[in-house]
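I'd like to ask you about the structure that follows.
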Amino acid sequence: AGGFTSTVFGGVWEKNYRAAIVDSFEKKLGVKVALKLGTASEWLTNGMVNRAKPEIDMLLLPYPDSIKAVRAGIGMPLSPDKIPNIRNVHPMWFDQFRKEAVGLDYVAYGIAYRTDLVKKPPEAWSDLWDPALKGRVTVPNIGVWGSWEMLVAAARTRGGDESNLDPGFKALRELRPNIRRFFSGSTDAMQMLDTGEVSVVAMTTNIPAYALIDSGKPVKFVFPKDGSMVGMVSYHVARNTANADLCMQFIDHALSKECQEAFCNAVIAGPTNRLARLSGKAAERVPALDQLKLFDWAKVIPQMSEITDRWNQEIAG
Amino acid sequence: MNRLLSLGMRVLTVLLYVFLLAPLAMVVVVSFNGGPVPSFPPTDLSLHWYGEALASDNFMGGLLTSLWLAAAATLVALPVGVAAAFAIARGRWPGRTLVESLFLSPLIVPGIVIGIAVLVAMAGLGIGNAPLRLLLGHALIVLPYTLRTVLAALTRMDPTLEEAGIVFGASRSQVLRHILLPQLRGAIAAGAILSFILSFDDVSVSLFLGSAQHTTLPIAIMSYMQYNFDPSIAAISAMLILATLAIALVVERVFGLKKILGS
Amino acid sequence: MTAHAAILAPDSLTVVAPARGRPPVGLLVLPGLALLVLGLFLPLGQVLWMSLNPPEPGVIAPVAELTLANYARLMRSDFYLGIVVRTLWLSALTTLLTAVFGMVLGLSVWRARPSVRGMLLVMILAPLLVSIVARTYGWVVLLGDKGALNSVLMALGLTDEPLRIMYTQPAVLIGLVHVFLPFMVLSLLGALDRIDPSLTEAAATLGASRWHVFRHVILPLSVPGLASGTIIVFSLSMSSYVTPALMGGSRSGLMTTFIYQQFSVTMNWHFGATMVAVLLAATLALLLAVVGWSRWYTRQWSLAR
Amino acid sequence: MAHVRAERLRKSHGSQLVLDDISLDIPSGQFLTLLGPSGCGKSSTLRIVAGLSSPDAGRILIDDRDVTRLEVQKRNIGMVFQSHALFPHMSVNENVAFGLRMRKVSGAEQQRRVRRALAQVRLEDFGERFPQQLSGGQQQRVAIARALVVEPSILILDEPFGALDRKLREAMQTELYGITRELGITALFVTHDQEEALMLSDSVAVMNRGRIEQVGPPAELYEKPRNRFVAEFMGLDNFVRARLEQAGPQGSVLSAFGQRFEAPASALPAGSEVEIAVRPERIRLAPQAQDTSARVCGRLTQAIYHGHASDYTVQLPDGQQLLVRQESAGQAPLSVGTEVWAHWPPLAVNILEAA
Amino acid sequence: MAHVRAERLRKSHGSQLVLDDISLDIPSGQFLTLLGPSGCGKSSTLRIVAGLSSPDAGRILIDDRDVTRLEVQKRNIGMVFQSHALFPHMSVNENVAFGLRMRKVSGAEQQRRVRRALAQVRLEDFGERFPQQLSGGQQQRVAIARALVVEPSILILDEPFGALDRKLREAMQTELYGITRELGITALFVTHDQEEALMLSDSVAVMNRGRIEQVGPPAELYEKPRNRFVAEFMGLDNFVRARLEQAGPQGSVLSAFGQRFEAPASALPAGSEVEIAVRPERIRLAPQAQDTSARVCGRLTQAIYHGHASDYTVQLPDGQQLLVRQESAGQAPLSVGTEVWAHWPPLAVNILEAA
């Protein structure tokens, strides 16, 4: 029996991913799917370094590494011929990757806060600037999931957008008095929220926040009125892999209605397959597509170096 | 005055031990939480998260990988580092000071850069063997410790003992084996222990050098924490502390730790 | 090594050894050097070379075209120069505190009865056994706004507002000193264990107080260990990443923070390599000074005869 | 000036009893020497008096004050360690100056006294050297200078002249004698050299296996050793069992070697079995019997040349051996194998309690 | 069995010339002793012969083979270091067995020989101890046992008995004498004890400041020291300038102390200015002048008690001092301040070249 190597996030995510998608695939085809833990940037680096002889046959990447991978030409073109389920995927989850990758699921970024420590619950991004939150907010550090989204969201509150981020920088500079610290990951953020070091986590996905909520902590998670930012992970099949067919079979399997429902209901995420239906908690906690605010990553990525510099100096410095 | 000073010293010493151990004690306490998130003081006492940690393939596989990797890296770096320490302490060649400093560069270069550089270089050579890659990276980052600890001890070693060895017919390798190494035992053990622990603890270098089949425990932990915020990490840490304590106790009983870490 | 010291060079192994075509002991450096050169310097050289290439995020291969643009960017930026200074300062402070506390702990082990010595060592090594993430949680529980320390302080009425310790520069210092102490203690013990106890006794008979015995006998004789510990701790501080990231506040970024950023976020390896080059050069220069000084200081009594 | 007393010291290392009820009394300004075989506990005693180790039982009194737990540095002692214990990281000057620095003596005064102390040990020109660059004897002399320079009230010396040749040793002894007497230093001295002990000391304590066998002024130990151990240690030899035939204050009569002969007075009752001893140098050898009170005939079995004297072994008919030291005095040495007569004057006989 | 020669050794430490043209010849199985003041270069010479340091010039020959650069471990040496150099991490047994292990002697044989060697140094019961648990003299004896046990062809001993009391020292000397003679070991020995040197050696070399002053059989050095340095080192004293009035093979006549007196034969021509010396123990003191060839009158200025002898200083009218050693021989010691006559026999006078 053959097999191939892909990537996976850890913890409950991996558990649900295996249960909903990988195990059934392995059983069905009698193959082994090796999943590499680690970080997205490392997977991407590995893909780039080993472009000629890939170690990772299929990368599962989040924003923004997925877009970087596309720009670097890491993945091979995908098509409904080999992956029939792509036909059921909303085109925006395929087209934004230039058809060289396809989305698995989406999550929404919102605000998590302590109900006991916050007098006026935040409802919109703009509420983060409330002087009552002085020194009580944490924001993702640049490079951390949610940081780019934070910048774009901030820009939008002041009339800017992804190609005009100046207002975003200005807004975040003004947010500084409220920022206790820039967090370096969701655990870091949730830890601060749980211990009361901060009252508000400005930009986090729903999964970690609901972990606190479900364990009875006085925490709430809201999708801001002015629209949730979106997180998405996508499949990229390495260009020179010898296992391309198997990878594509796997993607097709992952995009199937059954897998999508099983997986998204478990992790509380939105399916990319339009036929899939959420139920239970997932139905309540995942915003509909029209509540999402997307933006053009392709415009942000070329600016990243400059953005980072500015962030370091103007916001974090 | 003198009495005050020595009382002050005693208090400071105790405070320092408290400082070293307090956060770890907290971790151990937190690990007994039954609930899904860590809280202090623990909500309901339970060994639940110990069970979870022990049942995880990632953690247990990572533990194995980390153990062999730390052992192998130490085994590679130890002789090499000890030999270099001898060359530097006992040789008379130009540029020793510079070379001695260069041996520290694995400490200075951030782990991510070491990881990436080794990854790129080995890919360039067409070597995709993750264990080999990990071993190289880890041997590099622990090399400075094996060198330094032995070098410091060698500086103050009485050379007449070596001379006595030679006089009584020991070859150079016998002097090494019977006289120098036993006396450097403490320093070598210290270097080995540091090496092992550091290799075991490394995240940055391993991140770029591992593979799906060869993931170290710290990487498994780090990945776990991307989505989870529960006391299983505390449980793992507590188990590591307890396991180490147990090993130390056994070693103490069987060999006497002071013999290994003593002069 | 000064010329003077070279003349006094002890005739130990080294001088005796070259008899009849014996390879000199200096050759023993070769395996280590080979590992270092092949495993690190050549790979790293390739990366450092990129610091001389025109910056282009996403490009990960060195090219022939050379420029000093990356260095110019760094040198012209008050921000990045400030980071270099801040990193050096924090590392120096960490090293100093570690040295002082490490000496206190080292002496406590050195003076301990053999039966308790092992346990003290295990306690000292303990911080290394706990993953940094878990350790940070421990610190939050202790030092956080609602942590144990603040609870005590507020209960005692020593302060009304909780002290903000976590996520500040001092928190980074606390975290670094905590994990690096074991390195310092082990290095120091290596030297302390080689001090003949009769030397401290001799000093005491000559009227030296405990402090003077320490100052004039123990401290100078532990210079080799102190130098070793200083070197290790300083290097580790300069390249520390996780502790500042998890325990620091919004302004605690160190050089490594930004190096990580360039390598993994912006993928601007060129600028990242530039910072690595500067980090390496600054640290090596300082260490060269420490190594040289320690060798000069001990030249008269290390190995003589 | 310090009156030093050790009272009933006891010390064990593990299961080995190293000191077993040691008491010493050194009046202020006096010089007491510990004499005894290797490993008998001399250094251990010194260390306890110095305060470097604490006794399992017993106490140390200085001027009637119990100092058993007083810190070493408060005792104003100077000490020469058997292993020298020079500071390897200090030059000779710095080593010698150390005690003065600790006493906050001014720089100029320090220099002056260091120079003088180094002159006393004949090392004027070695101030800049480091201990490793010195010969064994030079190191030992630095250790002596370091202890003397502080002009301590108590001086403790553990075989301070062991590595010195005779001339230097004598010069150092003279210096030491002068300094201690002049400054009224109380001194506790260890040596394995009986002559040195007798010459320097006000009193001598002979130790054996952690106990004191006898303590007293040098002449007393030399002339009236209490038992065979002390006698041997004082250089007596030729121990022979004898019977005290007559005893009295004017002299006594012994029987040994199958004959009777005169001996000095003894306090032991007539009829006792005793042990007698004669110093090898008090016996004269001659080819013919001469008319002295005691004489035996034997065969010369060994002759060892010693410079100003030769040591002979004389085998007696009953199997006993006599050791005889004869001054060379210009004569040709006697040759092995010849028959000789050994003679000794009555006063040369020491009468000891039988062991 | 090894014939050891050192040829024109020269060695400097920095600017200090430590050995200046040292040559030695030790025929196979012979025992040569280096005697000389502290710091004269004895240990340095030993280290070069052992191969532990290399000379700046000159060479070492063993059985006519140049071994100057030969590895030490091939020389089959036993050595006692002045600093003992015991291995701190090995027990006494292991220390002593070390050389045997290196020579791949079987385990049982090792045990047997170690036991015997420890018995020779009277440390049977100390095999399990570690060096730190031994007294100074015990450590030294372990070092001796370690060197003897390998039955080396060359034995190098650097003050091996320095820390031992006289009895033990004599016993060890006897052992050493026996072992070297029995096994035909070539021995190079350093001591600061003239008697020891004279007693053990086939020949003695007296060193001074890195040079050899005189080398020869013990009696020769003792009887005919070449110059004042050697003479002093051999225990001569009372050096006085004199004029050789008559010289001849039967005896000579000297003038000194303002008088003429007889002396032994001298090879120097009549009329020479010479230096004479008389051993302190060859001079007799008496309250009255006696009829011997030489006598001077003076006042007793110092008396030091030594046990079997006392040392007196006699101040002569012309300001010179005589050092006199008198055997105590039971008499009461003379008292300081009295007027005495010093007498010596003609043969007691040594005639040396004037310095």
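Letters A, B, C, D and E name the chains as they come in the text, with residue numbers starting at 1 for each one.
Basically, a contact is a pair of C-beta atoms (placed from the backbone, for glycine too) under 8 Å apart; a residue touches a chain by one contact, two chains touch by 3 or more.
Everything quoted here is computed from the prediction, not taken from an experiment.
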Of all chains, the one whose CA centroid lies most distant from that of chain E is A
By the contact definition above, name the pair with the higher C-beta contact count: B-C or B-E.
B-C
Euclidean distance of C-alpha centroids - chain C vs chain E, Å:
56
Please work out the Cα centroid separation of chain D and chain E, and write it as a whole number of Å.
21
Can you give the whole-Å distance between the Cα centres of chain A and chain E?
91
Residues of chain E that touch two or more other chains sit at 13, 51-52, 71-72, 83
What are the residue numbers in chain C that touch two or more other chains?
8, 16, 22, 60, 133, 137, 141, 209, 221, 263-264, 298, 305
If I count partner chains per residue in chain B, which residues reach a count of at least 2?
2, 38, 116, 120, 160, 163, 166, 222, 225
Residue numbers on chain A that touch chain C, as the complex places them
39, 41-42, 45, 48-49, 68, 71-72, 142-143, 176, 179-182, 184, 187-188, 191-192, 195-197, 302, 304-305, 308, 312-313, 316-317
Would you tell me which residues of chain D are touching chain C in their complex?
50-52, 71-73, 75-79, 81, 83, 85-89, 91, 98-99, 101-103, 130-133, 146-147, 150, 156
Taking the complex as given, what residues does chain B use to touch chain A?
35-39, 58, 116, 119-120, 123, 126, 128, 207-208, 210-213, 215, 219-220, 222-230
In the complex, chain D residues that touch chain E
13, 35-39, 42-43, 82-83, 133-138, 140-141, 158-159, 162-169, 192-195, 198-199, 218-219, 222, 232-235, 279, 281-282, 304-308, 327, 329-330, 345, 347-348
Which bits of chain B are touching chain E when the two form their complex?
158, 160-161, 163-171, 174, 178-179, 182-183, 185
